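Here come two complexes built around chain A, the first alongside chain B, the second alongside chain C.
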Partner chain A sequence: MNANGTKVRVTIDGRTVEVAPGTLVTDAARAAEVHVPIFCSHAKLPPLGACRICVVEVGMPKLGPDRKPVLAADGAPEIAWMPKVQTGCTTPVLDGMHVRTATPVAVKARQGVMEFLLVNHPLDCPVCDEGGECQLQDLAFAFGADFTRMDEAKRTFESEDLGPVVKKEANRCIICMRCVRYCDEIMGDDALTAHQRGVWTEISSFDRQPLDCEQCGNCVEVCPVGALTALPYRFKARPWDLRQHVTICPYCSNGCSVRLGVRGNEVLRARGTEHRGVNQEYLCVRGRFGYEFVNSAERLTAPLLRMGGAQSPASFDEAVTYAAARLREIVAVHGAGSVAFLGGEKLNVEEQYLFQKLARAVIGTPHVDARTRSTARVPGDAILRATGGGRPAMSLDDLVDAQEVLVLGDDLQGEAPFAQAQLIRGQHQRGLHLTVANQRRVKLARTKFGGDWLAYRPGSEPALVAALARAALELGDAAGAAPAAPWRAAIEGWTVEKGAAATGIPADAIRAAAKRLHAASRKAILFGRAVAEHPQAASLLEAIEALGWASGAITESRAALMSFGPQSDSQGALDMGLTPDCLPGYVPAADAAARGRYEQAWGRTLDLGAGLSAPEILAAAAAGGIKALWIVADDWLASAPDRAMAAKALASAELVVVNELFLTPTARAAHVVFPASAFAEKEGVVVNCERRLQRTVRALAWRKGVKPDWEILQAVAQALGAAWSYRGAEDVFREIAKLVPGYQGRSWATLLPLGPQWSFAANAVLPERRAAAAVAELARAGEGLALLSGATLFLQGGLSHRGTLLPKLAKAPRAFLHPAEAARIGVGDGDRVSLAAPGGAIELDAALDPSVPEGSVFVPQAQAGVELNRLGAAGAPPRVTARRVGARETVGA
Partner chain B sequence: MIAGEVLEAPATLAWSAARRAEVDEALARYPIRRSAVLPVLWIAQREWGWIPPAALRLVAVTLDLPEPEVFGIATFYTMFNLKPVGRHHLQVCMTLSCSLMGSDRLFRHLERTLGIGHGETTADGRFTLRRVECLAACGGGPCMQVNFDYHENLDEAKVDALLAGLA
Partner chain C sequence: MFKEMVQGLGVTFENLFKKPFTVQYPEEQLTMFPRFRGLHILTRHEDGLERCVGCELCAVACPADAIFVEAAENEPDAPQSHGERYAKRYEINMLRCIFCGMCEEACPEDAIYLEKKFELADYDRDAFIYTKDELLVGPEQSGYLPAR
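And then the complex of A and B:
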């Protein structure tokens, strides 16, 4: 064995490399930069050995009677070659192993495999979308014969559309089983299968029905040939006609890398990136097919100004001059505190930084908040504290290797699809155990994933977390859980039994879940909007911090909690201080000494008084206290917790400025609308749920009339007299890298291909803060049904509605009811129901779904035509009365 | 296999009490539920004569398996009928010994007599004709299996007589 015992030496075509024991020959070959072709093997799937294209010769040093290698005349060890070729993708290397890939034996074997693979292959590359990037084509070129010995007719199958996404041409299939295995082991959908056997083996769905699945298209991505292709891209382009740009998906906090295929100035497709990004080949349906909005003809292309009555197009300079003049007047008359800045979770960090700098340093207002959906004031650093205060964070790859994962409150299928795929892979391949705390039986809570489902009462998340933390403390203190730690205040007065009574979950189940979490050495606690937008979010987050310490998920040196923000750069928005109480880098705005660094750099005092949070801005603006609103990349009428109040706020403000891609209802209410660039049209940095800094690149030329947000913000700042002179977003990042804690010393150049996860130095993590108050008890449930909501897979925010495929997949918005509950209130499947709260009512079609608990109704978020905030502030937790208002509409009637 | 009535594919199916008892008995034989998939498919085929999609779904639910997986398994085995079969399922061996003894001629004779080809069913639902591989009765070739019964050393006249006796 090797001296250090951790690596083994293997020699491939004369090149010796050291690799970890257990490495497969194909991977060792990659390390040695020797090309061994593969079809069926895949980095995220266990070895299968289905296609045999990776055959190589393998040998070990010959041993003499003394168990020592026999040396040849030249001193090199003699090799005993195995009599037959071996599949490299299933053969782990041993120390001293020799591999030959280019000998006549290996080459002939590979040619034989190619010949077999082509026996029934139609060789229809000219009409195949894979042509030009097909591994079979490449290898046929490299190893195939240029003639065929087969006279027989080829066996043929019918071509099939397996739903709206997957096109199947089974004639081209090489039965590598990648698609079937990927769908099973990583998507957890088991939607594909091999039919028949032998030469008639064919990949298809159950009974050839349209695939009932996530429609992710990952089966298409991993298919090494053109057997599966993507219907939305069918016959659109040839790969060599496309410019390919790798940037970051705009649809969730996971921050997957997407490879955009662009022709002219149009995005024609999005694909994964084989050896890059946090996700590599993986994309969810939104990442893969949600790019359509970029090309939309409905995009805004000229600024709009409302002077008096209707909005009319204006030049950029006119719009800038007007916005600046009005802002100046309003500040002069009502003071800087009458201006508020909202939104920005979708922007790049450079733009987020400038947005708050414009507010604080140029206008001089403290009212900045990106978290427009929140229903209560939450400290700007609450999520960072709950995830370990800036200690080194866990990664999405760590999830696969975790032994125990607690998913708290959110349906990751819509909230964080890639994280869900990582968990499914961990569960399938590495024995990960899931504890899914959710009111509904969401996908991860299905029995097939073998986890435990904690179905708590609507709204009782804080009680559940407090009880889990108590149960963890009963098990003895985890490292770092000091008896006098301030976080204990958050769970004071709580016991496991009290939590059990409040949540409806048996105390035993709570204790068992806490025990699993406490015992696991590799663990994770995951949460998202169900926590961040909870009416008691502030104390809930403090309780999560307590659970983190009590269970050992937070230690002095690291933290294993991850928060999924609602947008792709929600983490950046928190980091850049788009919260009223924190300056960039979580510097407390109220701390005169700490904020000095920004006062110095920005050249003005930042003693701006207490800032209002988004729900407070909403209330103040509706009451007429806020005179000017600047809203970026956020359809506030849809995102604000109370739509009527937001409408009133917009109507009563003297100035509303909106940066948007489309004329959203909010933009329609604005006095100034700046058309803004889409994610594929600008460059910058976004920060994902791992707190990883990732570069976005510009895949498209500037669109006429449209500018990136940083340019818009700079133009207005300049018109207001600020001496800003950023030549590009990179200049802004340089300033961030100079000033902002956690970001210091970073540069764009160091963020490609995969940027680092930021963390504070050990002596600079946020100090523990004594919880403001213990988690409060849940008010007694009122009348009617609990209104549950949550993210869904097929739609995420306004942009996803602008294409054609995603809205089609999402189907019509519906209200989901448990069959028993529906029967109780006299509602049948498809009937029209009204959901009413004191603030308003909405109408939807009902759908029966046993995964929704009785006593509640589930309405997915982000669906066109569902405006839950029309119900007003429907209580905490929200309750509605459901009533049947019409029969199921018969088709054609 | 009992050849059943030719059925329209039903939307849903459920086990009768008797079949459910057989299913439970099959499940009890294996430590892992999934292992019972072949016996349970077999029970379904005995009940309905063939295995319509609704029965595949029922088997999937019964065994807690993904539906596509059950579909893949059922299509792998040629003795599961995924289309309706006639009352008499004629399975003619085409493998070497029988072939040497004239099974091709016999099969063509059946095709002409019944007016159907491989895998097809007569309009009256009486016969389904199928080529199969070795029936392990090579000493008596050419041979044919009709439902569960073997008929050996066949020729055209014997086949005609046999068909005449099958209602």
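And then the complex of A and C:
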């Protein structure tokens, strides 16, 4: 529908449909349920008209001299057909247009195109991996001739491996240019190109080098034929061997739908979903190739119990009985407050709900926190407040249409690859302008995307946000920003100039960025881990809320801010109250009236006292105050801000229960280890960064000895005397839908394939809150280099290490230094460097990278073997001293 | 009544002196018709390489879901078949097979044929899963294709 809602009527093969003006004939045909074949056209790419397979006859009503349609004898308007067939994928519909797809003229034209497409196409379907799901095969069957008039030899090219992911067989290529255009306009990588011209056109990488790109495999996905195929899936199966299940990717908060192909009980591939999900055909490299861990032979298959010395396998019942008995003893001796529950950001919401219910309603402890990486206490509702307090949220699709987007602090390539792709598409196709605030020149900050890069000093995010908010306020209050609004307190005492001094960004650049944001009618502010795990996260998030109001990104009725949580279901963890101060649905735990709904439903009082947050639990456990820890889906030794402290906590706790897929270092330190199901083995609901509820489905049978987390939690709760009787995740969700604000009234059945985005009713959004204190100024930089870290594309979390492809793509972990900085400290490319902080030191190979600012060192997180938390609890910003400890030669491969 | 008896005995005597239809199996064996469909074989090219490329068309054509194929990529210096792909595993479950010949019809490579062997009884269920070793003809039969 266009702005004034008018629609145009088109008649396609006698069926009349109403579509928005500007719709292409092929899309209108889909609406009319008439099949018009396509190869080169793609919903996310502008029309090209390269392949001509979509030819149809197009006509308009004949107009008489009076500009009125001429009527034929039967009263129907006479149609003036265009003399030649037209490509439907490039022809926009007009009101009254008539289209014929099945006339002899159209059919003959299509057969002719088909014959030309097959002139050079090899007859190697039996060995081609696309066979069975190839559009050319299907259309040749439907429209093509069953003989060839081609006598000459077909032209041939060498096949090539373009890196570890893409296999190219150019003989099969029909030069539709989808791959080249997708890589350019959506991935922003320009990694593919067409060599030669005419019949010798060949798609390949530049200089025929292995592709230096995101390795997303989307070129393979969009290739309508078998010219590009995926090497990891090469010759593994045929589509008819696979049971295909659409579920949700576990690797980031974007929540892409993935179609898993399962043969036997093994996942053989993952693909996009074409017409479903937030992502449709898109998947990043992790979503597409990161499923390997599910099939891993190293998965835990039996519970482990440590009674005395070593861990030994036990039956599920033994493990449940033991865990329950020990928990009961510890509660009896030390009180319920000596038990803490950690982790859970990767679970489904049903499991998260049960996890906190076990803690609060069965054990009776308030110490629950999923955000094990935080270095400081952050209110459980801080992120929801910063993203508009539960007002209707923006969607990932809205990003494409935004005019101005501010990306705060994070490298979206690692944190939210799909969101990055949406921004790149918006930039290419719709004139989106990017403002990227990042210490490093990350991909989105590259000049080719035409945005502005705000390179602030390490750790000065709060100053930057406060200055941006001030600059936005200078432009006049946006609608809804009342002069006395409490959010103003967060930026009190700040001016643009003060922010400029603290961040090192010129005040003009800050003012210009704020002006762009303020002026845009469609805008977005995106942030992630760099904000949520900042040492000053609590006040920083309030400052972001202030920026939202000041720039008009938050209004009374909606909010255009999006937070990318560190894990696939981090949003669910917040929603389900895996925070010490909030019950599910952001009900304040300390508010006796508000929590009544849960007291009634769970049958106990929830006057549990103040809960400890994750960093406080860490400190308390290390000091011996917490006696029992239950950690789910989290390798705490790797995620806790201080590894030595976490090790001490694990060693001194009387009981450590861990639910895990693999024997992680944390699981090794546990007294009870429950083997848990992987994402593809259980059903449930996950919530993505848009706050969209999406159902995951079970693609694989449960492995022997492995149970989904909800069952483990229920078994222990029952052993502790709770009367839980959930038959499945659906039962739990029903309880959630009854009780939890924001989730009320949702029905499990409607969450497939693409559920709704939840929001509070307008009168129920979180009340604004007076900021505790304005964001504090940054402490003066100390000695040494600022340690920058962040997500990278190829690895995310412990599970991604368990396959073979992703670690190979990620290469060995390295410390990235600016060449000038490296020269200053005498380090060459590939030398071994030691990074030392007061808490400890780590050693890595150095790599020179001009995108890292001088005076800092970048170490990607989530790589196996990089244990940044060995450096001790992070200050703001963490600082290290780098020293060369070995030459390149001494470094093992 | 007497007439009928003579008629009946007439038939008996007539058959007594006819050549018998039955054969003394297993001492005596019948030659099968050319298009008889018995146990499958996997054939070889003249150069000894396997014809089967592991395309799985036989598996998808099979109405009894009796065929399992797992393909793999040929080693360039030691290929098993022409082209890049070959069947790493090729199994037919003869307990399921209904000898319809659809696999033979589906095969684009003339790789699978239903041959004349029909003595398939065995003591063990597992023995009815015929593996590639059992189905593939020996190198001496390279280039052999059954007459059709």
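Just so it is clear, the second predicted complex is superposed on the first by the 883 of 893 C-alpha atoms of A that agree within 3 Å, B and C clash if a C-alpha of one lies under 4 Å from a C-alpha of the other, contacts with A are read in each partner's own complex, and residues count from 1 in each chain.
Quick note on the criterion: a contact is a pair of C-beta atoms (placed from the backbone, for glycine too) under 8 Å apart; a residue touches a chain by one contact, two chains touch by 3 or more.
Just so it is clear, the model here is predicted, and its values are computed rather than measured.
Of the two partner chains placed around the shared chain by superposition, chain C is the only one that A:131 touches, whereas chain B remains out of contact.
When the two structures are aligned on the shared chain, A:193 is found in touch with chain B, with no touch to chain C.
By the document's definition of touching, of the two partners only chain C reaches A:234; chain B does not. In the superposition on chain A, A:206 makes contact with chain B only, not with chain C.
The touching residues of chain C, when paired with chain A in their complex, are 53-57, 59-60, 70-73, 83-85, 108-109. Touching chain C in their complex are the following residues of chain A: 124-127, 131-132, 234-238, 240-241. Put simply, chain B touches chain A in their complex at residues 53, 56, 64, 66-69, 71-72, 75-76. Of all the residues in chain A, the ones that touch chain B in their complex are 184, 190-197, 205-207, 447-448.
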